[in-house]
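Listed after this line are the structures, all set down as structure tokens.
You will see chain A twice below: alongside chain B first, and alongside chain C after that.
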Partner chain A sequence: MDRRSFLKTSAGAVAGAVLSSSLAAALAQGGLEGEDVAKLDAALQKALGKGYKDLEPSKDVKLVAPTIAESGANVPVEIEAALPAEEVKAIHCFCDKNPTPLLFSVFLSGVAPYYATRIRIAETAPVRAVVETKDGKLLLASQSVRVTVGGCG
Partner chain B sequence: MTRREALKLLLAAGITTPRAFAQAMERPEVLYDLPPFGDITLLYSTDLHAQLRPHYFMEPPNLLAPRALEGRPGYLTGEAALRYYGLQRGSLEAHLCTYVDFVALAERFGPLGGAAYVGALIKRQRAQAGVERTLVLDGGDTWTNSGLSLLTRGQAMVEWMNRVGFDHMVFHWEYTLGRERVEELVGALEARVVSFNIVDDLFGDPIYPPYAIHTIGGYALGVIGFSFPYVKVSHPEEFSQGLSFGVREHELQRYVDELRGMGVDAVVLLSHGGVPLDTALAARIRGLDLILSGHTHDFTPRPVRVGSTWLAAGGSAGKAVLRLDLKMRKGGIADLRLRTLPVATSVLEPDGELEHFLQEAYALHSGYLGQVLGTAQSLIYKRDSLYSTFDELAGRAIRAAYPEVEVAFSPGTRWGTTILPGQPITMEALLAFTSFTYPEVYVFKLKGERLHAVLEDVAANAFNPDPFYQQGGDMSRVYGISYELAVNAPTGQRVRSLEVGGQPLEPSREYVVAAYGGRLQRSGTPLERYTPRPVYDVIAEYIRQVKTVQIPPRPALRVLDQSYVVPAWGG
Partner chain C sequence: MPVQILIRFNPAKPKAGDDVRVQIVAQHPMEPGTRKDANGKTIPANYITELNVIFDGQTVAQIRPTGGTSANPLFALKMKAVKAGQLKVTYKDLAGDSGEKTADLALA
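Then we have the complex of A and B:
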């Protein structure tokens, strides 16, 4: 692009306006990279008969996953609920943008509410740890995992 | 700056009177004679990138920051860095830490670094502080990325380190020598590698001791090693087979707690995480007293304080050695004195034994490395967030070798050297920019939409407001493309108005793309008629043809939401 076309396309104020509106949109989404709530919602309905709005973000759910995956095909995750074993029914795990967002469901029978495994993530998106309690609550922890082309420094 | 702040700064530099200040400027060698302080001394050098000879290295004109991180250490350049750290424009320290007046000051102060000088400074400071109370630490990125390192597969670097006497080190680019070679060299290395986050891929067990404990002057100091977390994502995986890296924040906390539980007085993190990530870690990990920060090549002439954690960054390219004197108390560091000591070859004497060693190490290779390929008629530099004249040179050379290439990618590595206008361009200087163990230029077809997605991906890694999502490295450089960048836009919307060869990018068209030093070629369809050649051969051939290289910095890009400057180029 030459100098003139730069001037033509930028025109200062216009570029600034575009930027702030897209930033505002990002903030309104809650800012988790790669979030796709509509797709997640459909998967939640299918698996649990509940939607995204029924999930309750909770500090009692601990989700450990890398922020940047070493390989999208093999991502270690660890989910733990800080709740008595007898209160927890199941641990579910979703990833918003996977072709099938439900990654696994583990039904617990009175053992410590902890599960660690490896999952496959198709592209940068949030991983959702959903802990289902026996009294029907769905407790949520989310973290975005980046799957990158790579290249460095 | 208030009078009190100014005074504090001068005190921090050990310079207490106006006369002493004037003297320090006139006789920089007084910077190296430090009065005793505290109980433990750490000498820290990092990111040498195997630059064994004195050279020039210009700091980045731009370090574009996402808004949340603007103005913080890790994103300070030029005048802003001078102001933040209170450096006198035109002084040796200002020249060391910023690109301001680079060419003029390079001529005034001469080349910096070089293994015989870095070694001499470390030996002298260790003797001055006291051998018994001193640890010598290396922050990684030391074994690779120069001609001699490439030709000896890291051997020369290990021999140099053994002669200087390092205590510990961590890794990043070292792994581009391949896991097997790294383990072979570790066997010959006298320093002990510490690293909690290089683990067996299957079971998660650390390959190296995660930490070491030193008892000095009645105090116990724990040193935890943190290697670069993204070795696998940044380089071909075959170099690190069977290994896993990563930030592993929870494991780090566990090791800190373990050391604290053993009654260690202070915990130091020898880190290759880079200043943005290390700063974020300092705010989240409890019980860390000091982080020695490598990877992002920043200088912090004054130590940075994050909560109760100190952070000091060590620059790169052999330009400086950090000396930290710690005044200890039971259970912590009571006070700390930091000096960023420039490896100024015009002031320091080289170490005789090391010079002799280098002569021998170079003997076999001086013919190849010393060949003059051409002359620079303008400043050839590498480091910047987005663009450099070296990458422009690489793009021109690739286009000359493969005329059908429409777009050439050059990786946003932070290492390299700087060639002043009028200097000859030797093979060694070219290799200082291009010594990859995977140097091949690949030519392939890539769809327009994929090309755009790749740039967005790199921008998301480079400009993420959350350091835990920054993979490291500057933005990939592109030849043949122009674009506009919105640093603060959300992922997927940072790269705009893409044009290839002056025409708007067509998402569904296949473009002929060349790339080296990365993994981009995997996203495209290879053009079988080209056998990949090392990028240094392609560029050497081009320089020999054109004889003189004149590249005024004219980036074909525009930053929409930040100011962006180009350096004076001496033309």
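Then we have the complex of A and C:
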């Protein structure tokens, strides 16, 4: 095998491996680390009157949070929706295992569908960004954050 | 105790039509009500429950944090710099404190 064809095939193999690992990550979405859907469901019902089943996982919602946070007392999160500003009504954020799972709600009008803040996370659990659109859809993005020191006690 | 609020625009003087990030930092303990002091007594909850951002007389964001927001919280928004104007932030916390702070957005 000459060098050129070796490079080609190995590049293909690497791309394949990357693809399959991202696929595996996508499949693992169903079981995020520290997930507690029952508690999240209750919080969703209380805050939005909707359950976990009514949320629609969406690629339009971008949630930026660290995968590992040293201190749960101060975790930066950034939520951005790839939607026109007029369509977004509010951004909500939940964390499954916090004493109060609802972290914040932000109602926007006339600004970009973007919000960044710092949150407290009690223990390793997924952070849920819920973007509420004007036509009543609830778009979801989740990411599990591993916490070494909790931020609520 | 009056809460210190800092407002910063990034970039400080945006060009008309550019995106500008509005960063608001409130110096507030944001006690979630779950922490205990040295004697084992629960520290009562005291966090900002309401923070409104008003630009040129129009409410652009109503932020409703809970105890799940960290101490000395940052609130960041993004908006299009269409015109110069005054940004006003008003807040309320559980202890009954309230106040406001204004900052002027200038265009380059």
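Just so it is clear, the second predicted complex is superposed on the first by the 119 of 153 C-alpha atoms of A that agree within 3 Å, B and C clash if a C-alpha of one lies under 4 Å from a C-alpha of the other, contacts with A are read in each partner's own complex, and residues count from 1 in each chain.
Here, a contact is a pair of C-beta atoms (placed from the backbone, for glycine too) under 8 Å apart; a residue touches a chain by one contact, two chains touch by 3 or more.
All values reported here derive from a predicted model rather than from experimental measurement.
K.L.:
By the touch definition at the top of the document, which applies to A:33: first (chain B), second (chain C), both, or neither?
P.N.:
The first partner, chain B, only.
K.L.:
Let me test your reading of the model: by the given contact rule, A:109 touches which partner, first (chain B), second (chain C), both or neither?
P.N.:
Touch status of A:109: second partner only.
K.L.:
In the overlay, answer first, second, both or neither for which of chain B and chain C A:70 touches.
P.N.:
first
K.L.:
Regarding the shared-chain residue A:118, is it in contact with chain B (first), chain C (second), both, or neither?
P.N.:
second
K.L.:
Taking the superposition as given, does A:82 touch the first partner, chain B, the second, chain C, both, or neither?
P.N.:
neither
K.L.:
With the touch criterion stated at the top, can you tell me which chain A residues are shared between the chain B interface and the chain C interface?
P.N.:
Correct list for chain A: 151-153.
K.L.:
Can you list the chain A residues touching chain B in their complex?
P.N.:
1-2, 6, 9-10, 15-16, 19, 22-23, 25-26, 33-34, 64, 66-71, 124, 144, 146, 148-153
K.L.:
Within their complex, state which residues of chain A touch chain C.
P.N.:
Going by the criterion above, the answer is residues 73-76, 78, 93, 95, 98-112, 114-120, 151-153.
K.L.:
Which residues, counting only chain B, touch chain A once they are in their complex?
P.N.:
The touching residues are 229-230, 232-235, 237, 244-247, 250, 411-414, 454, 457-458, 460-461, 466, 468-469, 471-474, 476, 482, 484, 486, 488-491, 493, 497, 499, 502, 517-520, 523, 556, 558, 560-561.
K.L.:
Can you list the residues on chain C that touch chain A in the complex?
P.N.:
Contacts found on chain C: 19, 32, 34-36, 55, 58-71, 73-80.
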